[in-house]
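As written, the chains take the letters A, B, C, D and E, and residue 1 is the first residue of each chain.
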Amino acid sequence: MTAFLQQLVNGLSLGSIYALIALGYTMVYGIIKLINFAHGDIYMLGAYCAFLITTYCGLGFIPALLISMVFCGVVGVLIERIAYKPLRHATRITALITAIGVSYVLEYATQYIMGSEVRTYPKLLTSASFHLGPVTITMQQVYIFVITVILMIVLQFIVQKTKMGRAMRAVSVDEDAARLMGIDVDKTISFTFLLGSALAGVAGVLVGIYYNSINPLMGMTPGLKAFIAAVFGGIGSIPGAMIGGLFIGIAETMVTAYGSSLYKDAIVYIILILILILKPAGLLGKNVREKV
Amino acid sequence: MRKELLNKANFAWLLLSVVSFVVLTILMKVGIIGSYYSITLYNIFINIILAVSLNLVIGVCGQFSLGHAGFMCIGAYCAGIMVKMMPNMTGLVIGVLIGFVLSTIVALIVSIPTLRLKGDYLAIATLGFAEIVRILVQNMEITNGAAGLNGIPKLTTFPLLFVCAVISILVVCNFTHSAPGRACLSIREDEIASEAMGINTTKYKVIAFVIGALLASLAGALFACNFYVIKPDQFTFNKSIDILVMVVFGGMGSMTSSVLAAVAIGIINVVLANFSEIRMIIYGLALVGIMIFKPTGILGTKELSFKKLFDKRKEKSA
Amino acid sequence: MAMLEIKDLHVHYGVIEALKGISLEVNEGEIVALIGANGAGKTTMMQSISGIVKKSAGEINFLNESIMKANPKHIVEMGLTQVPEGRRIFTGMSVYENLMMGAFLRKDKDGIKHDYEKVCEQFPILKERMNQDASTLSGGEQQMLAMGRALMAKPKLLLLDEPSMGLAPILVKEIFNIIEEINKSGTTVLLVEQNAKMALSIAHRAYVLETGKVVMSGTGEELAKSSDVQKAYLGG
Amino acid sequence: MKTILNVKNLTKNFGGLCAVSNVSMTINEGELIGLIGPNGAGKTTLFNLLTGVYEPSSGLIELMDQNKSIQIGGLKPYKITNLGVARTFQNIRLFKSMTVLENVKVAMHKNIRYGTLAAILRLPTYYKEEKWVEEKAEELLKEVGLYSLRNELATNLPYGKQRRLEIARALAIQPKILYLDEPAAGMNPQETKELTELIDHIREKYKLTVILIEHDMSLVMKICERIYVLNYGKMIANGTPEEIKQNEFVVKAYLGEEI
Amino acid sequence: STELKEGDTVKIGLNYELSGAVASYGQAEYKGASLAIKQYNANKDSKYKIKAVKMDNKGDASESTSAATKLMTEDGVAFVVGPATSGASIATYPVADQNQVPVISPSATQVDATMNGDSPYEYAFRICFEDSYQGKAMAKFGYENLGKKKAVIINEVSDYGKGLTKVFTQKFEDLGGEVVATESYNAKDTDFAGIITKVKDKGADVLFIAGYYSEAGLIIKQAREAGMDCTILGADGFESEKLAELAGKENLNNCYYSTAYTTVNASDDLTAFVDAYTKEYGEAPNMFSALTYDATNLGLQALEKAGKTGADLQKAIADAKFEGLTGSFTFDKTHSPKKSVLVVNLVDGVQTEAVSVDPNK
C-alpha cells in the first residue's frame, strides 16, 4: 500500500508535466486543427531559455519562469506567423508536414547552437522533501502540481469566460463567420499560440528544475505523450488535457511498478488506441456526429 | 499474352522500365555510379516501394496512416531472421513470405478497429501501433532486442530491387484504376456518400491498408538485406514521417509523384550529406518552404500516363 | 449621398472572374434586393463588401469612407454586418453565446442587453433554446439564430445572403416579415435572394445579377413586372 | 398495389431531443411520395434512418425484397443500398475531385463482378466488366444530359448540374426506392422545372418508388401522389396534395395561410 | 594499396553521429578526433598532411553504411574513425572489408561487435574493451572487493545496457550473489521515480546502473533523494564530468564504475590532452573524446609506419603496440584491445582512486 501511494505520487508529478504540455497542445489543436509537432520543441526551448538566464545571468526562479514564458510565447507566435499562417487553408497533412519541418529546425538549430550534450540547471528551488505518512513528497513535486492546477484554472477561465476566449472558440468553428462578427482572426490565433507556447515554456522550466537535465531532443517524446494526453481527455477540452496528462503519467508509473518498465511506453499507446476506439472524442470531448 | 495487354501504352511502360534498368545497370557496371551512389540508388528504390504503398493508403484511400514504419519493421525482421538462418535467395523468399503473413495479420488487427477513426486521430492511432510493434521487437529474444540483427548477408541485388519496385508500382496502379480502387477514391472524397453508394467502406479501407502493409513489409525485407544491420530504432515514427514526407512532397494520390519524390529526396539527401550537423536544419527549412510555396507537392495529382498521351495525339491527328 | 456605393467592382478567384465590374448603391433606409441564378456572383458580392474576399479593382464606399482595403473588423465596427449564406453559426457554443458573438465589438452593456431582449422577442424559439448547443438546432432555427446574431451588432446596414434558403414556406414568410420589421426600425438592408418573388415584394429597389454583371435594375415593382425577370426568376 | 416499405413506430433520439418520434408509414411500389414539414421536423433524420446513416432508437423498418420482408433498421448503409435503396443528400455530397463518369461508376460497384486480385492481375474479367461499366455509365449520363461533361471533375460543375449528377449517381445503383432530400433547393424556377421533368421521366422509365423532401410547394403539389407531413418529429398528416392543402394542422404548422 | 610519399595529403574519414538522439557521443568523439588531427598537422615531424572528411550518420545504421561507403569510395580516405555506437559501427565493417579501408571504432563495446561469425572483419578494429569484460569486472568487484550479495540492476534498453546487464547478472550469480530485480528505461528518459520506488525496498546492497551518464546521473540523484543509499556500480558509460553535475556531488559517494579513462593520477600526456582539449572547445573532455583521440593517433601512427594504405595499413594497425591515454594495448584475435579495466571510486563526485580489475582471474 505504501508503495502504491508513493507510486501514485510519482505518477502525479510525471503526469502534471504531461498535463502542462497537453494544455497548450489542446488549445492549438482546438483552434487550427493542427497537430503542432513543434509544441514539444517549444517546451524544450523554454527549458533552454531558463537555463541560459539562470546560468549566465544568474537570475532566480521567478524571473527565469516569466522570461521563458514570454520567450516561448513569442517564438510560438513567430512560428505561427511564418510557417502555419500561409497554410491555414491547406490540407491537414500539408500542415502536419510543415509542423514536422518546424520541429526539425528547432531541434537541430538548438543542437547546433547549444551542443547535443545534456545541460544542468543551477539550484533554483529547494529540493527539500517531507513525509506524509510513509510517502515521501518533494517540494518540487508540490510546486509542479500546484502550478499546473492553477494554470489550468486560469486557462479554463480565459477560454470560457473572457471575450478573447469566446473569440478563440468562434474562430475554431468557422473562421469566416468569426470575421463577420468583427473578430480579428489572425490576432486570435496568434493569441492562442502565445498562450499555448507560454504554457509549454512553463513546463520546460519546471522540468529543467525538477529533473535537472535538458537536451535539444527532450521535447520529442513528452510532446507526443502530451498530445496523446490531450486526445485522451478530449481534444479542445482544457480539463480534459489535465485529466489526460495525469492519467497517462499515473498509468506509465503503474506499469513500471506492477508490470515491466519495458512496456511503459507501449501502455501509453495502448491507452490511446483503446480510448480512440471506445470513445473517439476522448473522455470529456463532445461526441459530434457529422450531420448528414 | 492476352490481347488486352498488348497496347501501345503498356508497351511504352515496358520500354521505359527496360531502358531505365539497362541504363542504370550499365552506369553502375562501368562505375559512373560509384558504390556510394549505388547505395543511394538502392535506397531510392526501397523508398519508391514505401512511398507508393503509403500513397495508396493516404493518397488514394484518404486514410492518414503514420504507422508505415511498423510494417516495414515486420518485413525487415522476418527477412533478417530468416536470411541469417538460411543465407541465400530461398531464405529471403521465405522471409518475405513470412513477413507478408505477419504484416497482413498485424494490418488486420490494426485496421479493423482503428480505420473507423478519421484524420489526425487515425494518424495518431496508427503511429501508436507502429510504436507498439517496435517496442515488442525491442524486447524479444528472436529479434536480438535492442542490439538488433547484424551480419545480415547482402542479398538485395539491383535487378531484384528493380523488379520489386516495378511490381509494387504495378500493383498499386492496377488497383487504383479498378472498381476497388474507385471505391477507395470515393472513400477519400466522402465516406458517407461512398457508403450510400453501396460501398462497404470498412472492407475497402482494410484492403488498401493491407496492400500498403504488404508492400511496406517487402520494402523492409529488401532494406534488411541491403545494410547488413537492422535495429529497432531504425523503425521509429521518424521513419514513418520520412515516408510521409515523400508522399506529400510528390503530391498525394499520384504515383508518378511518389516515384519522383523518392528520387528527389534521395538526391537531396546526398547533397545534404555534405552539410553534416546543419543538414537536418536545412531539411526542416526545406520542408517548411516547400509546403508553403507548393503545398500540393511537386506534381500535385498529375500522373504520367502514356494512354492519355497517345489518346491526345490521336485526337490531334484526327 | 448613398450609404453604400459600389463602382465597377471586379473580383477574381484565381483565373476565374466572378465579378466583372459591378456598380450599385444602397441608400439609407432602403431594402435593396440582389437577385440572380446560382453562381451569378451574389455571395461573392456580399463577401467582398464585408472584406472577406480580396477585390481586384473598383471602389466600395460605405458612409463616405472607402472600404476597399478595410479589414472585416473595421467594416463591422463601422456598422455593416452580414448574415452569411448557409447560416455559419458557431457550433459547440450555446445559442446565447452565439448571440453574444454578434455583439463582439460592442462595449455598451446596456445597449447589448436591450438588443438581446429585442432579439428574444423577435425570435421566441431562440429564447426557448438559449442554453442549448447551437449545433442541435434545425436549419430554420439556425437561420434565425444567424439573423439574431447579426442584429446583436446593431448594424446600420445589414447584408442578408439567402435568408430563406431551405426554409419551410411558413418560415419564409416569417423571415421576410422580420426583415421588413428590421428595416422599419431603422436598419438599411441589402438582401440576396433566390426567392425572387418574395424578395421583390419587399424590396424598394433591386438589381439582377447574371454571371458577374448587373443586367437590370429598378424598383421592386418594376422588376417584378418585367417579362424577362418573370421568365427567368419567377417561373412565369 | 404492393407495399414496398413499411415503417412502424420509428423513433430516434439525440440525447434529450426526439428528432423522429413514433413515425409509421406505408409506401407502395411505384408511388411518388412527398415528405414535408417545417425546418427541424426530422425529415432528413428520417431519411438517415431509412438509409442506415443513423440507427433507430426504436421501431421497425421493413423493406420488401422479392416478396420477403427484410428488417433494415440499423443495418449498415451499404447493405441497405445494396438491397436497392438510393438517396441524394440535402447538402450535395459528390466525390468532388473525381470525374462525372467516375462518380457514376462508383455507384455501380455492387454490380461489378471482379475482385481485388483480378484488378491487380488484370485478368480478362477486369476488361470485360470495365467495358460494361463504362458503357452503362455513359448511357446513364446521356439520359440525364451530362454526357458531354463526363470528363469534368464533379466540383467544376455548376450547382444545378451537380444536383443532376447526384440523381444520376443514385440511379446507377439501380434502386427500387429513391430518396431525394431537397433536390430543388437553391434552384431557380427554370431549373426546378427541368428537375421536375427529370424526376417524372426516370420514375417512369425505371419503375422507381420515389420519396422526396422539398420545401418548394409548387413542385411538391404538382408531382407528388401522396404527401406525408412531419412536425416536431411526429407524423401529423398524410394524404393527397389536395387533402394536405386543406388540412388545418398542416396549414397552421407549415404552409401558412396563403397557399 | 597506394604508396604514400612524405608531404602527401592524406584523407581520414570521421563517420559520426553528429545529429540525432546520440549526437552527444558522436560530437564528443568528433572533437577528440579533430584535436588529434590538428595536433598531428601542427607537428613538424609529421610525414603527411591530414585532411579530415566528416560525415553525419544521424545514429542510424543504414546511414552509417552509406556514409562509410562515401568516405571510402568517393573521398578515398585512408582509414575511418568512428562511429561512436556499436550498431552504427557494425554497419560499416562489411563496407570496410569490401573497400579495404580500416575502420577504428573508439567505443563499439557490444559483445563480438567486430566479429563476422567466427572470425573478425579484417578491417574492423576497436580500442575499447567489450561490455562482457567490464560487466564481469564490475560483478566481480562488487561481490569480491566490496562484499555485496544482493544486487538490483537498472539498465538502458539498448545493446549497451542490455549487454552489460546480461554479463553482470551471470557473473554475479556465478560468484554466489543474487540479482533481486532488473528494471529498464529508455535513453532520454528523465523520470525514474517509478523504477526507484519499485526497487528501493528489495533489500539490495548494491545497485548496478547499466547505462550512460546522462541518465545514470538522474537515476543516482533520484535514488539518493528517495533514500536509497546502497553502493552504486556503473560501467564506462559513467565517465563524464556531467555525471557529477546531473547527480549532484553530494549524491556521488559510495559509487564505483569501470573505465578505461581516468584523470586520477593523470600522466603528463593525459594532463596535456585535457588542457589542450579544454582550451580548444571550452569544455573538459570525456572518455569518448579521449578514446577517439587515441583511436585517431593509433591510425596515424600506423599510417606513418606502413607508408601505404589498404592492406599494409590494415596490417600495421593489427600489429600496433599502442600507448595511449586510455591505456597501452595490442589487438587480440578479435581485433579488440587487451586492456585492463580500471575501477574508480567517487567521493563527493570526485574520482579518488583507481584499482585495476581482471575479471577472468
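Operating definition for what follows: contacts are C-beta pairs under 8 Å (C-beta built on N, C-alpha and C of every residue); 3 or more make two chains touch, one makes a residue touch a chain.
Here is each chain with its UniProt name: A, B = Branched-chain amino acid ABC transporter, permease protein; C, D = ABC transporter, ATP-binding protein.
Treat the numbers as computed from the prediction; the structure is a model and nothing was measured.
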Furthest chain, CA centroid comparison against chain B: C
Chain separated most widely from chain D, comparing mean CA positions: E
Between chain D and chain C, distance of the C-alpha-averaged centres to the nearest whole Å: 32
Length of the line joining the C-alpha centres of chain B and chain C, rounded to whole Å: 51
Interchain centroid distance [CA atoms averaged], chain A/chain E, Å: 36
Whole-Å gap between the CA centroids of chain B and chain D: 40
Per-residue overlap in chain A, given as positions that touch at least 2 other chains: 108, 111, 262, 265, 292
Residues of chain B touching at least two other chains: 138-139, 192, 277, 280
Chain A to chain C touching residues, read off their complex: 163, 166-167, 169-170, 172-174, 176-184, 286, 288, 291
Complex contacts: residues of chain A adjacent to chain E: 3, 6-7, 10-11, 13-14, 108, 111, 115-118, 120, 127, 129, 136, 138, 207, 211-213, 215, 217-218, 220-221, 252-254, 256-257, 260-262, 264-265
Sites on chain D touched by chain B in the complex: 51-53, 76-78, 81-82, 86-87, 89, 93-98, 102, 105-107, 109-110, 112, 114-116, 119-122, 124, 126-127, 129-130, 133, 169, 173
Sites on chain C touched by chain A in the complex: 47, 50-52, 71-73, 75-77, 81-82, 84, 88-93, 97, 100-102, 104-105, 133, 135, 149, 153
Residue numbers on chain B that touch chain D, as the complex places them: 2, 4-5, 170-171, 174-175, 178-183, 185-186, 189-190, 192-201, 207, 211, 301
